[in-house]
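Pasting a structure here, questions to come.
By letter and in written order, the chains are A, B, C and D; residue numbering begins at 1 in each of them.
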Amino acid sequence: MIKVGIIGATGYAGNELVRLLMGHKEAEIKWYGSRSYVEQKYASVYQNMFEIVEDTCLDDNIEALAEQVDVIFTATPQGYLAGVLTEEILNKVKIVDLSADFRIKDVSVYEEWYKLEHKSPQFIEEAVYGLCEINREKVKGARLVANPGCYTTCSILTAYPLVKEGLIDPNSIIIDAKSGTSGAGRGAKLPNLFCEVNENMKAYGVASHRHTPEIEEQLGYAAGQEIFVNFTPHLVPMNRGILATEYATLYRKEDGTYPTYEEVKAVYDKYYKNEKFVRVLDKDVYPETKWVEGSNYVDVNFKIDSRTGRIIMMGAIDNLVKGAAGQAVQNMNLLFGLDEAEGLKLVPMFP
Amino acid sequence: MIKVGIIGATGYAGNELVRLLMGHKEAEIKWYGSRSYVEQKYASVYQNMFEIVEDTCLDDNIEALAEQVDVIFTATPQGYLAGVLTEEILNKVKIVDLSADFRIKDVSVYEEWYKLEHKSPQFIEEAVYGLCEINREKVKGARLVANPGCYTTCSILTAYPLVKEGLIDPNSIIIDAKSGTSGAGRGAKLPNLFCEVNENMKAYGVASHRHTPEIEEQLGYAAGQEIFVNFTPHLVPMNRGILATEYATLYRKEDGTYPTYEEVKAVYDKYYKNEKFVRVLDKDVYPETKWVEGSNYVDVNFKIDSRTGRIIMMGAIDNLVKGAAGQAVQNMNLLFGLDEAEGLKLVPMFP
Amino acid sequence: MIKVGIIGATGYAGNELVRLLMGHKEAEIKWYGSRSYVEQKYASVYQNMFEIVEDTCLDDNIEALAEQVDVIFTATPQGYLAGVLTEEILNKVKIVDLSADFRIKDVSVYEEWYKLEHKSPQFIEEAVYGLCEINREKVKGARLVANPGCYTTCSILTAYPLVKEGLIDPNSIIIDAKSGTSGAGRGAKLPNLFCEVNENMKAYGVASHRHTPEIEEQLGYAAGQEIFVNFTPHLVPMNRGILATEYATLYRKEDGTYPTYEEVKAVYDKYYKNEKFVRVLDKDVYPETKWVEGSNYVDVNFKIDSRTGRIIMMGAIDNLVKGAAGQAVQNMNLLFGLDEAEGLKLVPMFP
Amino acid sequence: MIKVGIIGATGYAGNELVRLLMGHKEAEIKWYGSRSYVEQKYASVYQNMFEIVEDTCLDDNIEALAEQVDVIFTATPQGYLAGVLTEEILNKVKIVDLSADFRIKDVSVYEEWYKLEHKSPQFIEEAVYGLCEINREKVKGARLVANPGCYTTCSILTAYPLVKEGLIDPNSIIIDAKSGTSGAGRGAKLPNLFCEVNENMKAYGVASHRHTPEIEEQLGYAAGQEIFVNFTPHLVPMNRGILATEYATLYRKEDGTYPTYEEVKAVYDKYYKNEKFVRVLDKDVYPETKWVEGSNYVDVNFKIDSRTGRIIMMGAIDNLVKGAAGQAVQNMNLLFGLDEAEGLKLVPMFP
């Protein structure tokens, strides 16, 4: 059994990690770290775990933890892991970091968008960006995996094949993303109160959301060039789910026409046909967040609009699963040579 | 592998059965029956099953089905099973009926509350009421299991120990129940439209809901007498979950005082301590539907009000799991001598 | 024009007062008191008021305020008004208090349920309980009106005629109430976060909620005796609305039978036929919170269950209107001799 | 008093018209037309109107109606009005048509997008597109007003000043719109059931929604050229509200720089400063649907992204008010020379 420690076990992503790992045959949680609930029973913080988890929350001593477990998940605020990580720790334990600390290779970009000084830039280079479908092989040998953000996972996978194969102008990409409220975390903040979110819809972080440079970096690798995109997140009155609607200008083919549905579909299939967790939907069936809820799936599809010369790509995930805890477990499975889908054979729950 | 046929696979309860059986190690669905979607791909009706279920919906020929499978689940409207059931079928296959056809022993009560003529009353006597925690041993040997209703499962289990042990006046029981909207089914009816349900709350079926006689019969067995209760269902703007708030007059002890918290708790523990799927919560922690969502748990608790001499009992379930498909699988496990929890080790999903 | 001051203008009830008073022809808000947002533009706290309210929030100096306005609404935490009220203030200005400070005549009951020392018990006697339909004449001459609680308004008006006319046993009353989340206020507390409330339902304050003694006192006056009731509030995933489902034992008539529908209906009509804001619904039409949303209406109806000898009474209000700000304006109208419905001719908004 | 007839009074838009007209000082509803509920009490179809509207629904005889009223609102399916309209009717009565029949000047465009033959193209030319803020003067003298669609009202007003003043490339406009479910109407259709919509989000009508040519036509007039835009509607789990997030490429100024915030703001103010129902929000405050709920406001704002050279414009309306009934009343006020805001001085309701 792989021994697991979680730092930040009482956030929504932490709780989802616990849910998934309870069903994982080869992993066992040894440490429920939570600065806010030290010495409280985990199940008193998350009553769904009553009679399932008997453990008590512990403080977040990563050095002590590194001695006791095989892998640490850090579901912590930005800056935490960068502030405590050492070579010694990395020599003892694998780390899957759900924060943004090691996602962005250019430390100045990180510091500019996150308004934080990065305390351990020396580990950025070796960190592997854990978007499994794209970096699978690199993840396998890593010590430190930077688990992608929720918006970024959805946004990148939705457009990746077309960027990689050069069907669209990468600088024309506009991502209009909609997220359930669990993405905002469990902090007691006024804008996240039920009465403020329910029966309401808004954009936020317009032209300034921190997931923008992460999307640009990864899609830039696919494009083979530096790119800039528009990314606009919106808050939706639902608990879970991200829907990304993405617009891009299609390149014309040599004969001046646009690619056909079948040609674009073939490109998606090339990348995703063998991917267990990416489902390219049938023609004219568009992703809905509810169809992936509770599961690790990414549902994607597209529509060509020859009137405007653009393609509309759509992707849906459960932000807490493929957008956080599920992908983290998928990365753990890769790190330890397990079946990549172990613990993740979750059938979406409807309704 | 147990071969399973589902008649009524495209209702919400049918879809939930499919979800659960996908994770069951010893069962395999062979027949997705759906009168409304014959010859359509099941996954086109429930897109969550895309790339998970490849089968196509079949018509509801129960005789043909009985030749091919070991167990049939009927998630059908009232009257269907009673209309087609024969001794021949029962000799070939086990049946777990999610409708009300065989729940009520007194056929005249059934016919009065359901406004239907019962077409096969000869099977009522042998049918076992499949509330596993109470009728476990009887279920094991049955051919025909009457899977309890959603409201009834929650209502009965919440009060059962106190009725059985004679702590409360069974004729004083008032059940105020609140249900998510999936209980109303997937039929396209105006009152179930999003805009009619959302931001709204109402009682319905007041003093006339069909689950009333089912509750009275079962709690009557526990009380050892015929009883009458008030049962009022309410529609809540949420997908899943039933919360039952139940009121009853406590009997005084011989010394004239009411039972203490500890005494009542001991009675609950007597019945439920070893029940995997019933969780008696800690003192002053009240059940919330969200804490059991997606799982087969029943969470119960109580509060004594010595000012009025009453006890308030509360219970919560997921209406589609313990209230329908989960309990049906639990019954199947009992029928075939499997681990009762197989396929049901579901951790509640939060949020 | 009546000059109005609001202390606590930035809570949900305060904002609703502002909404209603914007449409009131004879009142004008002169003071937006808010300890938390002093010197901020009111419309920056409640963006719905952008370009409607230009004022800035002021501190809560009640003595200064009493010099400037004709009536003060205190939409403040319990204990505030009792802590600052003086004879001098009451000589200058009318006060409608939306807190509980002056609702309960027995100060020891207040102190026990609210866990607060009452700082000005000398004003309790003269305070008029502002349930307009019952205390209309007393309100007219008052200096200090105790505006009823949201649950209590709904609970009392739903049962009042039957208690007053002696049709039901007042000690048998059980009130199962369900409220939207705005009743919990705008404080940034974890249990009120969207993800904690949405897709969830729970009871709280079981056998201990502070509105219990208020209901008992008022229905006790109607009954002509001290009574005890069960009151259980529940939190519902919607913004607005209270639904009270109330159970009571019907007294038999002299001939041993229960009252008929028509007899009970006549009693309701006796009290409510001429009440603009109470609507006794048609037979078998049950109250729904959505049908009163945004308005000052109370919708009530009932169902007799001769099987159990009980009657089920149901009532629905908008907790922020008839349950708080609307009733406060209704009281203001009475205090100043205006049309009682001025500013309250609000048609419920559906959906 | 203006006598009003409504054809289609029992749809959600029809009911909203009734709500608004109940508060209109100079209009009186004489005819509640509803093919589905003929001879039923209107208040039995919309219980919010109990004791407010005593009338019974009538059939939709437009000729008889034209004799009796001054203005007819048709809140009917596409094709209805075009199928019955005559010169004789138009000589007797003003018509505000909430359907799309007379919105599009090019009949072939209408027929292509709506898949309907237009039965009275002879009236298209004279019909005035009733977007009051833009066509105010034309509406005043009209006989037939084509009330704009909900998505179109929001989409056009959000971008109009920048298109009109040539700050953005009109062919670069991408509109990503999100709507509450009341926009889908009150028909009993499976996709609009609570359980299908709640906790879910999806795009629909991608690159094919019928509001596209309406937006293109109107913004094309502003641009002075034929234009093509991308318009993608999404369904959101809320009752009311539309949020449009619009992207466009900013033209550089002669000095090669982009317009500043102040310059763009000045353009918005030029068009909207004196518009009662359009609120240009303060810098960095983005529209939220809840802040306009129940009112006739359009809230707009924008953000310049100099990294990509694009501007993000955002607009929010209540789809049933400014997107349907409110705008219809605003048009009626213009038609009859009344205060344009009569009956529309609605303060948004929060929460």
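Rule of thumb we're sticking to: contacts are C-beta pairs under 8 Å (C-beta built on N, C-alpha and C of every residue); 3 or more make two chains touch, one makes a residue touch a chain.
Note that the structure is a prediction, hence the values are computed from the model and not measured.
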The chain pair with the larger count of contacting C-beta pairs, comparing A-B against A-D, is A-D
Farthest CA centroid from chain D: chain B
Cα centroid separation between chain B and chain D, in whole Å?
46
Where chain A and chain B are represented by their mean Cα positions, the distance between them in whole Å:
37
Between chain D and chain A, distance of the C-alpha-averaged centres to the nearest whole Å
38
Residues in chain B with touches to at least two other chains are numbered 12, 182, 195-196, 198-199, 237-240, 288, 290, 293, 351
Hey, which residues of chain A end up touching chain D in the complex?
171, 174, 176, 178, 180, 195-196, 198-204, 206-207, 228-230, 232, 234, 236-241, 243, 245, 247, 286-290, 293, 303-305, 307-308, 310, 312, 314, 316, 351
Under the stated contact criterion, what part of chain B meets chain D in this complex?
12, 181-182, 186, 188-190, 192-199, 237-239
Chain D to chain C touching residues, read off their complex
12, 15, 18-19, 22-23, 44, 46-52, 182, 199, 239-240, 279, 281-282, 285, 288, 290-295, 299, 345, 347-351
